[in-house]
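Quick one: structure below, then a few questions.
For clarity, chains are labelled A, B and C in written order, and residue numbers in each chain start from 1.
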Amino acid sequence: MSEERKLAIICSKGSLDMAYPGLVLANAARMMGIEADLFFTFWGMDIITKDKVDHLKVVPVGNPAMHMPQFVGGLPGMTDMATTMMKKEIEKLDIPPVREFLEMVHDAGCGIWACKMAAEMMHLTREDLVDEVDGIIGAMEFLEKAEGAQLLFI
Amino acid sequence: MSEERKLAIICSKGSLDMAYPGLVLANAARMMGIEADLFFTFWGMDIITKDKVDHLKVVPVGNPAMHMPQFVGGLPGMTDMATTMMKKEIEKLDIPPVREFLEMVHDAGCGIWACKMAAEMMHLTREDLVDEVDGIIGAMEFLEKAEGAQLLFI
Amino acid sequence: MSEERKLAIICSKGSLDMAYPGLVLANAARMMGIEADLFFTFWGMDIITKDKVDHLKVVPVGNPAMHMPQFVGGLPGMTDMATTMMKKEIEKLDIPPVREFLEMVHDAGCGIWACKMAAEMMHLTREDLVDEVDGIIGAMEFLEKAEGAQLLFI
């Protein structure tokens, strides 16, 4: 049996900045012929939720790398400003918005999975999720799929 | 020599929401006969600290997926409200509280390890940690245990 | 062909507390003869940016494990206070400051890589980065280097 290289990425964060690493790596993997699966859980469910995926945000509060004093970052409007800025930079680099990127990696053969426990906790059903989702699965099913894979938890 | 499948999870966050993914995955792994080890470090030490494990919180500030304006999320009481809400949802799904979950995965054969450097940095000794902790070990000892394992950093 | 053990760590956070886990693990790996690579992306770019590496901060806001009410943690001065405290604890344990630690792991043979997309997004060039950086590479090049490695995403 030939061992195929596999990458399985758990996406647990729901911010715009933490949505991209999983998509970028899954996309690169598929371009190299590496099997790829994205498994969304906890706050990461936002990335595959129809009415949230287009409204992901970057939050300056709590992130020292945004170089904004914490009491300024928490002011009304700051999150939207940071989000708009990041979206512009991303667009300049010809990187697609998250919804389009999901479609792209899915078309390239990347599996898109939602976590059953997170879906139940957040009262989300299949209809609430973007079409690309291949299924809602439990932790054991995820571990089965991820056998032999390199893992990442984002 | 047969290669046993292994999962080694580093838990570095001390929030309620980020305590669960490691426990859920370690539990699923053990149910499937996969070797599992949880290694607690940095803020994750709270999860295995006796007087903290029952008081882990979910913080809306800095987390856009909680859909609360940052200046609201930072108001007094908001963290407690979010924590209470998440605990209720978790209970509804019959998922045990963190302390009980630690006991459960440990009984199922999952190793529970504390990081030596983090313990020293936070002035914690063995007595401060829950009984399930199998030992306080350094990074090299962790890497030894994790040989051949799939790794996750939470 | 003998399979060498490898560790590839993606560093995506720019805070002082999240700079250390990657360095500590890479250092431990090298001491054990394990191949190690650090790949810096997104906010993690701060860790290898010349004018930022010495000014990484710990932010109490958004981190319940710092045990400070969120509305207090966001007050001016709190971030600096938490940062000073952590630096003292780190120094007491004879762990080097981040810049020195980068040099140390690099001297020990750990690869230090910057993410091309993040560099472009943040308008950083090779000159902005510390000398230890071995190159600015894309996601596909990273995946190539990481073949057969145990992966971590910090």
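Here is the rule we go by: contacts are C-beta pairs under 8 Å (C-beta built on N, C-alpha and C of every residue); 3 or more make two chains touch, one makes a residue touch a chain.
Since we're looking at a predicted model, the values are computed, not measured.
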Same or different for chain A and chain B, when you check if over half of the residue numbers at their contact belong to both copies?
different
Cα superposition of chain B on its sequence copy chain C - rotation in ° rounded to nearest 5
120
Separation of chain A from chain B, taking each centre as the mean of its C-alpha atoms, in whole Å:
22
At least two other chains touched by the same residue of chain C: list those residues.
61-63, 74, 150-153
Tell me, which parts of chain C touch chain A in their complex?
10, 12-16, 41-46, 56-59, 61-63, 73-76, 78-79, 117, 120-122, 138-140, 142-144, 146-147, 149-153
Any idea which chain C residues touch chain B in the complex?
5, 7, 17-18, 20-21, 24-25, 27-29, 31-32, 34, 61-66, 69-71, 74, 86, 89-90, 93, 95, 150-154
